[in-house]
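Each of the two complexes below includes chain A, the first together with chain B, the second together with chain C.
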Partner chain A sequence: MTSEGSTGKYPEYRKRLGPGWWLSNPRYTTYMIRELTSFFVSIYAIIYIYQLSLLAMGNFSSYDIFVRNPATIVFSIIALFFTLYHAFTWFYLIGRIQPIKLGRNKSTTPLQALAINLVLLLVISYAVVYLFILR
Partner chain B sequence: MGKAKREYKADKIHALLWGIFSVGGFIAAFLLPILIYINNIAYPLGLWPVANSSLIKIVFMVSLLSALFIFVTIGGSLFHGIFRFKTTLPELGLRRASSIISAVGYIIITVGLIALAYYLFHLYQQFDPSLFHRII
Partner chain C sequence: MATRGQGVLEKMTKETDIETATLKVFRYRPEVQLEPYFQEYKVPYRRDMVILDALNYIKDHVDGTLSYRWSCRMGICGSCGANVDGEPKLTCASFLHEFKDKEIKVEPLANFPVIKDLVVNIEDFMEKLDAVKPWIIRKEETPPEKGEYRQTPEELEAYKQFSMCINCMLCYAACPIYGMNEEFLGPAATALAYRYIADTRDQDHEARFPIVHDKEGVWECTLVGECSVACPKGVDPMLAIQKTKILGATQLLKPPRRRK
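After this line comes the complex of A and B, so read on.
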């Protein structure tokens, strides 16, 4: 244990952690997996911008080959899984941080918030499909 | 500028960045899954709802609204993802490199947002929305 850095008036006392600290407890592991979903979200966003660049340059066949590449499809399925994991945990956290008041003494539980937001996710997803694809 | 004023300004920027991060979290949770599914799973595998759709619809270039949807979804997700990842890396033992990681993160976000806006603008100008009966 060491004290690291002092940002204010008083020295900050922090336990020095190794890179694998999050593997020692299932709760820490869940937390780290949740944080690492951001890796897939970021990489997908960068890949999407690359796809747009192919289209903007008029390389429609390159775009098609890239999108239909099995590696791209497999990565996209993994990215979708982690994005949904992010969505589930985000909705649950929102329920903990900001519960909605139901009457005078009642407020939503994290599970209720999760359920409400999942329904909202389905509605929004269908609205996107209807507005931009089916209509 | 006094020290207190500088600290106040830095705190304001800090709060603003975390605010954008939070909005990006909602965007990535509500809008990104359907975009991944349509563009990179349903289209190459020929699944519903894009099995018989034209490419122009699949890449969301049918209207100004759809181009804005892409900008908000990809831009918000990029900001949220990189911001969160750059905050996570120091927790994985890279604390000493946290300022470099932060700088690289902000560079990726800035370049990514500029590239996204440029390509969307370019694509939107190439396509004629009136052909697809989309009036905003």
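After this line comes the complex of A and C, so read on.
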């Protein structure tokens, strides 16, 4: 859908985004941090699958050594921080996109929606844990 | 009432006080040289003057070769957009005194090819705008004497903010996704598509689905949200894009015969 080149007899000038574009504006930077969080979440997912495979093979001592490793603990804390950041920013955005209706003419502000969504998340998580484990 | 009168007088003197602003304006003059450069201009200004007034001052009194677009100078025509100090703004709505004691950098809208100085090629947006069919589609038009197509205030509220778009393209200049992939349908075109999709008078919303739900349509958006920050008319294009994504996802759940 783009018209490349020029409209007349002179070439058009085109400035492309450089690799540091996301540092030019603080809002771009927070966006990039949110995108970056997925890196830590995916690495954690791989570690988690590895841990499960150790348990599935009955390799409990290796599992024990692995989870007690300071590197695993430090990475888990970092991953937790980024996961929480990701979850909060997403729930906040969901509140902007899909405000929850409160009556006929009122709907939630993004922060109210964030709070309601977090409460719902906790309730549903507890329900799932109760149904499959605690019961 | 002497003190009150004095207050008004003081305010007036303040408003007519003349100060000097330094504008660093992006110049691209391919007929002279192919390398763009910045040119500095000193412009005297009063408190009520905007960047566009400064550009007009330069054009009239300093340098007639400077090119830029403008028309209404009241935030309606959407033609005077430029990147002012790195942020896309309507130059008619950015006051010089807000940049006091500072050099003001004026560049063409980011992410668009530059034809000359501050004039960018808007062809791409125009094609996208046309592609989303920004008009009410009726299965059958009724003659005017049969009356208007009625809707309730609630139905109007569903799309009203999106109808405020003035096609100024500041949201495209603010969007890094568009900056990296110009095939992306982008904020304003989607906002206008959604404006008609959400309009109860429109009878063929699905006519726009192939365009908005295309790979380069709404799915390219990764929620930077800067379009909604840049919009000078209070439109929230990011919201329109996400609502269109929800429509796309729910559309898939419908029985196939209803899909197009």
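In this section, the second predicted complex is superposed on the first by the 105 of 135 C-alpha atoms of A that agree within 3 Å, B and C clash if a C-alpha of one lies under 4 Å from a C-alpha of the other, contacts with A are read in each partner's own complex, and residues count from 1 in each chain.
Here, contacts are C-beta pairs under 8 Å (C-beta built on N, C-alpha and C of every residue); 3 or more make two chains touch, one makes a residue touch a chain.
All of these numbers come straight from a predicted model, not from anything done at the bench.
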(message) Output check: A:61 vs chain B and chain C. Expected answer is one of first, second, both, neither. What do you get?
(response) neither
(message) For the overlaid complexes, name the partner, chain B or chain C, with more touching residues on chain A.
(response) B
(message) Tell me the contact category for A:96 with respect to chain B and chain C: first, second, both or neither.
(response) second
(message) Just checking: does A:121 make contact with chain B only, chain C only, both, or neither of them? Give me first, second, both or neither.
(response) first
(request) Could you say whether A:134 touches chain B, chain C, both of them, or neither, answering first, second, both or neither? (result) first
(message) Per the contact definition in the header, classify A:77: touching chain B only (first), chain C only (second), both, or neither.
(response) first
(message) Tell me the contact category for A:46 with respect to chain B and chain C: first, second, both or neither.
(response) first
(message) After the superposition on A, what does A:35 contact: first (chain B), second (chain C), both or neither?
(response) both
(message) If I apply the document's touch criterion, which positions on chain A are contacted by chain B in one structure and by chain C in the other?
(response) 17, 22, 35
(message) For a test of understanding, state which residues of chain A touch chain C in their complex under the given definition.
(response) 1-3, 6-8, 10-17, 21-22, 24-25, 27-28, 31, 35, 93, 96-98
(request) Within their complex, state which residues of chain C touch chain A. (result) 28, 30-31, 34, 36, 86-87, 110-111, 113-116, 121, 123-124, 127-128, 131, 176, 179-180, 182-183, 222-226, 229, 238-239, 242-243, 246
(request) Would you tell me which residues of chain A are touching chain B in their complex? (result) 17-19, 22, 32, 35-36, 38-46, 48-49, 51-53, 55-56, 60, 67-68, 72-73, 76-77, 79-80, 83-84, 86-87, 90-91, 117, 120-121, 124-125, 128-129, 131-134
(message) Per the contact definition, I'd like the list of chain B residues that touch chain A in the complex.
(response) 25-26, 28-41, 43-45, 49-50, 53, 55, 57-60, 62-63, 65-66, 69-70, 74, 77-78, 80-85, 87-88, 91-93, 108, 112, 115-116, 118-120, 122-123, 126
